[in-house]
Amino acid sequence: MEYYLLIPFLPLAAFCINILLGKEVLRNKAHWPSCLAIIGSFVVAVMTLFDVINGKTVNEDLYTWIISGNFKVSVGFLIDQLTAVMLIVVTGVGSLIHIYSIGYMHGDKGYYRFFAYLSLFVFFMLMLVMGNNFLILYLGWEGVGLCSYFLIGFWYEKKAAADAGKKAFIVNRFGDFGFALGIFMIFLTFGTIHYAPVFTEVGSYASQTINILGVEVNLMTVIALLLFCGAVGKSAQMPLHVWLPDAMEGPTPVSALIHAATMVTAGVFMVARCNPIFNLSEVAMMVVAVVGGITSVFAASIACVQNDIKRIIAYSTLSHLGMMFVACGVGAYAAGVFHLYTHAFFKALLFLAAGSVIHAVGHNDVQRMGGLKKYMPITFITMFVAALSAGGIPGLAGFFSKDEIVWSAFASHSHVGMFVWVLMLMGAFFTPFYSFRMIFLTFYGKFRGTHHEEHHLHESPKVMIIPLMLLAVGALAGGWIGIPSVLGGGAHFAHFLEPVVGHPEFHGTHAQEFAIMGLSTTIATIGLILAIIFYLKKTGIPIMLAQKCKLIYKILFNKYYVDELYNYTIVKPTLWIARSILVGFTDAKIIEGIVNGIPKSIGWFSDKLLRKVQTGLLHHYGMFMAAGVFFIIALVLLLR
Amino acid sequence: MVPLNWYILLSAAIFTVGVFGFLSRRNIIIMFMSIELMLNAVNISLVSFSHYLQDMRGQILAFFVIAVAAAEAAIGLAIIVALFRNKATAHVDEIHEMKG
Amino acid sequence: MNFQLPDITPIIPELIMTGLALLILLADLIIKRKDILALFSILGVGLVVCSLTCAYGITFGGMFISDNYSTFFKLIFLINVVLSVLISVKYIVIEKVNFGEYYSLILFSTIGMMIMASAGDIIVLYLGLELMALSTYVLAGFIRHDTRSNEAALKYFLLGAFSSAILLYGTSLIYGLTGTTDLKAISQFISENGLKGNLSLTLSVILFIVAFGFKIAAVPFHMWAPDAYEGAPTSITAFMSVGPKAAGFAVIGRVFMIAFGSISVDWAAILIPISILTMGVGNIVALSQTNIKRMLAYSSIAHAGYALLGIIAANNEGLSSMMNYMMIYAFMNIGAFAVIIMLRSEGFKGENINDYEGLAKTHPLAAALMLIFMFSLTGIPPTAGFIGKLYIFLSAIDAGYTWLVVVAVIFSAISAFFYLRIVMYMYMKDPKIEVSLTKSPETSIALAITTFAVLAIGVFPSSLLDLARAAIAGF
Amino acid sequence: MEQVIMNQLNYPILTTVIFLPVVGALLILLNRRSWELLTKWIALVTSLATFSLSLPLFTNFDKSTHKMQFVERQSWIPDWNIYYFLGVDGISVLFVLLSTLSAILCVLISWHSITKKVKEFYISILLTTAAMVGVFCSLDFFLFYIFWEAMLIPMFLIIGVWGGPNRIYAAIKFFLYTLVGSVLMLVGIIVLYLYSGKTFNILEMMTTSYPYTMQIWLFWAFFAAFAVKVPMWPVHTWLPDAHTEAPTAGSVILAAILIKMGAYGFLRFSLPLFPEASKAMTPIMLGLSVVAIIYGAVICLGQTDLKRLIAYSSVSHMGFVTLGIFALNSQGVEGGILQMLNHGVVTGALFLSVGVIYERTHSRQIADYGGLATHMPIYAAFFMVFTLASIGFPGTNGFIGEFLILLGGFTKSKIVGILAATGVIIGAGYMLWLYQKVFFMAVNKKVVGLPDMGVRETITLLPMIFLVFWIGIYPSSFLDFMHVSVEHLLDRVNMAGSVAQEAGVAKTLLEVIK
Amino acid sequence: MLPKLFFAYFAFSMVLISILIVTRKNPVHSVLWMLLLFFHIAGLYLFLNAEFLAAIQVIVYAGAILVLFLFVIFLLNLKEEVRINRFIGAWSTGFTFAVAIFVVFVMMLRSFVAAPAGKYTTDLINQESHIQVLGKLLYTDYLFPFEVASLVLLVAIVGAIVLAKKRRTG
């Protein structure tokens, strides 16, 4: 079954075609190669999935990539259950978004570029999930980062866009820094960085410790945490979350594909992939869970007050990613991946819908929207579904996955578990609140924009609508393959992934599970109702609240001032050091001072001193000779 | 019998007097005369040595020294004359066209 | 009394040379075209070169020694005289001093050097030295109508006389101490009668160092050099900067290695600071010169400093490295002067460094040659200068003076600056004034020879090295 | 006597590669000044011929041995027992190829940009090439030193004659800086020569072992020469000036080859000749490397001049190289060598690219650009590739090198590895900042209507792109050259220094790092 | 005792005279003092029974060289010479150095030991006259330096002519 190779390399081919021919030859047909390619890989992915279901997993090397001394790594692929799921998500959601983009990007002067980047992104994303060693993972990891850099900064004339792209790349570099160190540690420990040997041997290193600055630390903890740094960067968890909101400067399909469905979930994928390592370290797991939990609440709270439609969704994404990490953190990797999978549907849908709204309105500000329901019904419905699903309203995809996480958190019966469980519940409250706040502000009430804008309001073209519908189906029914046993489902998803991520042993009764489910559901509904009250019935309240607790509002509105914090603690000092200290002082003054100073002083010595000795007066010359004679003799007399 | 060291002392004395003259006089000709003085000092020591060592070399050398001194005088004075033609001075401290 | 003529074969070259000099002197009266005299003298010198090979041996009771050592130096002197004459022909016409005596004096001076090189007795040494010196004084002041030339001659002469007086004093002391003036006898006497460490002996050694130091322009006895070099006719500057210096080194080599060989520790110790000073002052003062002749004067002082390392090493390797260096220095220095002399034209001195601005644009070939000589003087491979320096350093380190060599290389790195400055002016600046070169076949020949030598020695030094090695073989 | 593999080809390949450019230079010398086009073509043809003649080094190289290959040996100066002794091994062979390649590019890129003293320019370029190749394949110290110094002359002229406004200062600075270093090395060479029984033969020198103190002294003597060339912190300040003022071709030669010689020197001489000293000095060297990496990277953030920025970035990158070399393990060293190659390709290419716009706008100020991507998309694409390579993006050559080096460094000492890795972050910072300022954002009116890259320029840059990806995706075809030689080298270093006592400073430093 | 007194007189007066030579304002006086000095030196030579040297000391030095000096001195403007100061500004330095050199010379020379005596004893010289002995040596052992000396003199003549003679510039 070599055909799996087609999955990544079809998009790559598409990229090459587009980048070479796109500008002159294809022009506005540039979407063909890309779309065909990704649909092709989707098909192949499905076939692969079935192979996997039939128990045919792949782990083979293509060729040796780097070999140096005892370090050897090859370009090779691993296709198992986890990979298969990711493949489906990436290619499936990906192809829909591709199609959507045809309409959305229509007429943009960078049309071919856009599709080229998309294909490249898909290629790297697939490499990321298909690699059978950490270096390929790293390759994909950096690759998707690069593509997101391109796509965020797609409209590079806009300073904001360019900045956002750069920011995304550099912030990610911080994560990757840890990630790379993790890989080094893995190599130092295991002598290889291929998954298979590492994960098999990992057990024997469980209790090994290393000395960091005099402190004995568990080796696995160190490795796990270093790897997690990468995940934090890529999946925009605190404290490296700052790039994701800004990333919304990119075209909406990009936000949907990269910053909702696929790339940002790479972190989750990685943690799930490395579960053997994480499982060995209490501390690491705890950190993962806590970071995830805090991020989810933190982001959700911000989402409640944002006005940029895309940013709202972005923060929601942050919060959901947080949930996924919580799942991983409590050992329920399956749950995490499951949420990843459902999240891909409803979040992509939210974005695309938002996209079609923006397409119609021409800006992102929810405060200047409203009453769009009648202008663009389909968009409205699909988005509504997505919101419900995201809000965890029972029956929809989001419900099952989120509930799974909440339950796992509770059932892990550790203090951490309890803590994050509480956080989860808060999240469960926020999510429907901000989702519907957005829905209501956008579609209900009467239009708050200018008349000029109002004239242009219209439903988006078919090519954009159809993907929306398809995704809506996913958001609605996507979760049904993972219905937990307690609801009479088979939890197929979890079982399917078991060979890879194992199965956490939770001891909890069905009763408890029902209770938890009920609790979270009620909380969600409360959130929903609150949203209804605030933004449908008593629209005055939010403003009033905003006035009441100005401070909180300000803090939330300014995203807890994290960006400013970084700006003043990291960015500015570095630049200041660079400009004032290094350029201005060490190089210019000290080093150059010495380098130029020595010749200068010699020159001065020569010109002002030694030259003056040569007076041109004969008797002085004679005196010098006499002096020479005298001093030589005197020296001899003294030194004998 | 006069000890040899007296002669050495004498020649040294005259030699240094010559040195002094060479170093301190302004007049080129006198400077040159001081050099002649030094040569004579050398000659004295040479002759005295050759007398005390009962060996003729010293006197031979002294003889050559006198010859060379004559030659030097000729050349030197010619140079001074040539200088005079262009620049009527015989004072070293006025001759410093080239310096540094 | 019976009187038999001693064997004169060893002095054949000197005899021919003398004959030649006198011939030129007489021919000058009848021949009006002086360049013919130049031709004569060059041919004659060629003859002398041939005669060098057959003139070996010790004669006049050991007063005159003609061995490989002296022969090597004589070769240097003859090359020096040929090249100097070649670059003079046109130049002295421009300077309006186109007299026949010029050539005969150059020849006489060379005879003096040759005698110095093979002097086995201090008396002969002294006379040779005076012969060389007196003719050089005259040559330095040869442009009688130019005050700078007079001044140069005067300074050179007075200080020279002073130094020769000092030399004589030293000689008299040696004579008094050892009762002889024959170099071999002196060393014998010293070692037999245990004069080692005798202060009077040391005094005489010091006085010798001073006198010879004056000839090779070693600091602090160098003061005459810049003025004399600047004021003298350029061709003579070239002649002076190589001939007397080489002669000085020749006698230093002989006197110190033979007569004072047994007390080499003492004089080496005295020479070390002198060489450091010489390199230092030479290189550093050269940095701030604006007159190229003067700059090269200082550079020649510095080069004397390098060559002194060879003496300080106080062994055969050291000597041969020093000789090798002198030979190479002769070529590269006269080459440089040949270029300088081309810039001298009617009513244009062309001695200022600014005159070289943009030479590469106006006269690319001349600039390129100058570039080669400058880099050679700096000691950058693949030029001869590098070989010379390398050999010197090699022998010095071999003798255990590594630290001294480190000092030397630092100074040579500094020296790069002022040599490069010429290159910089020629290549990296634009010409301000239109400089016209006075080309002449003779100068071209001289340039061709020097350039070829500098490059050839730089790439294939073997033959020269063999020669230098052989020169001190029977020493 | 060490055993070597004599040249098996039907022509003396190394000699040819060295002296063909010289012949070309002579031809140009004889050529009429007015026939500039002919001059250019002679130069181009010569460089092409040289390159194609050097290709057998790549194809016929025996990767299975550490012995010197393609060796030619002729007695040259018997008095000093000097031989004309050429040969390459896995460490040097690639640089020969890089040199010959870069010669072509230099000729191409200067086609229009050099207008005055055309003859001299191409002569200098060719002579430089010859000297560079000579440096990399001479196995006789004397020969090595000749090439090493001889290269200064044409380089000095290239910078000083065809350079920018401040060229004279830069040229002289470059010359003196390097000269001071190399003369000290000369002393070291002589000491070696005398100690090792009067031989300049490098391989023989390696067979003798030197007393520890002597090693330390010699190590620093050689350090003076190599560190300046690399250039290591704090003797790096000549590089920005030289790079900035030099004409494009000059910068390319500097970046691609000249500054590799320092690192090459460490590998070829310092490590095998003074193993104990090298081991003892490792902490200091690692320290300096790390400083160079971070210092060079951070200082880039403060630059306003394109070429200056790239110059400082090469300080940082060369810091990686030295770090790898002195990690003294195979990953580090091989990474170092590969990184030298990469840096040669990438930074060379970056300077070529800068040359492309400099030719159009005659401004090096970053502020004078912006939005170039709109007007010169192809150019933007090329530049992006090189940017990525220079920030070590996986799939490009930069990644392989940096990864191996960091791996090696990390293995040697965790702290060093971590500190060095921060350089990668900052690297991304300044390169992307540069790219954004130049290619993104609002179009600067100064760049409106600039023509995109022409055929000649594209051809010049294509090989670089090709190499970037070749090395990035299939590095084995280059790494395979090194394995055996590097192993051999490391064996020598590690077994020799088994009981290396460590100098005081070094010891304390080592403790700090451990 | 007598010789010592004799020498003492000579030494004293010679030093005195030489000091006078270098300190007279008027060059002519210096020359005249020098003349006197030369006669003393000649006397000393006689005392060291070197008659021939004494003779040429008087003939060559006093007869030839001093006359040359006088010739040149008459080119100077003597009145002015007498009026302006004779020493350079830094004559004290010169004096110091001279004295210093004298001191160190003496210190060095304290360890002087004369070489063993040779064969030319006084009576040997006296039985065949001094001039004959000298002449023999000059024309046998010292023939070569003698010839060289002739060259030196020749050069002196040529040089002097070249430099001093008025002639059309060629």
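For clarity, chains are labelled A, B, C, D and E in written order, and residue numbers in each chain start from 1.
One rule holds in what follows: a residue touches a chain if its C-beta (ideal position, glycine included) is under 8 Å from a C-beta of that chain, and two chains touch if they have at least 3 such contacts.
It should be emphasised that the depicted structure is a prediction, and the values quoted were computed from it without experimental measurement.
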Neighbouring chains common to chain A and chain B, by label: C, E
Quickly list, by label, the chains bordering both chain D and chain E. A, C
The chain whose mean C-alpha position lies nearest the overall protein Cα centroid is chain D
Which two chains share the largest set of C-beta contact pairs: B-E
Using mean C-alpha positions as chain centres, tell me how far chain A is from chain D in Å, no decimals. 38
With chain centres taken as the means of their Cα atoms, state the distance from chain A to chain C in Å. 79
CA centre of chain B versus CA centre of chain D: separation in Å? 65
Any idea how many Å lie between the Cα centroids of chain C and chain E? 31
Identify all positions of chain B at which a residue touches two or more other chains, and write them in rising order. 4, 8, 15, 18-19, 22-24, 31-32, 49-50, 53, 55, 60, 64, 68, 71-72, 75, 78-80, 82, 92-93, 95, 97-100
Check each residue of chain E and list the ones that touch at least two other chains. 88, 90, 93-94, 97-98, 101, 105, 107-109, 112, 114-116, 118, 142, 145, 149, 152, 155-156, 159, 161-163
Tell me, which residues of chain C touch at least two other chains? 123, 127, 130, 134, 137-138, 141, 144-145, 153-155, 158, 162, 173, 176, 179-180, 199, 202-203, 226-227, 417
Determine which chains touch and list them pairwise. A-B, A-C, A-D, A-E, B-C, B-E, C-D, C-E
Chain A to chain C touching residues, read off their complex: 599, 602-603, 605-607, 610-611, 614, 616, 618, 620-622, 624-625, 627-629, 632-633, 636-637, 640
Could you pull out which chain E residues touch chain A in their complex? 88, 90, 93-94, 97-98, 100-101, 104-105, 107-108
Taking the complex as given, what residues does chain A use to touch chain B? 611-612, 614-619, 622-623, 626
Spell out the part of chain C that touches chain B in their complex, as residue ranges. 123, 126-127, 130, 134, 137-138, 141, 144-148, 150-155, 157-158, 161-162, 164-165, 168-169, 171-173, 175-176, 179-181, 226-227, 230-231, 289, 294
Residues of chain B touching chain E in their complex? 1-2, 4-6, 8-10, 12-21, 23-27, 29-30, 32-34, 36-37, 40, 43-44, 47-56, 59-60, 62-64, 66-75, 77-82, 84, 90, 92-93
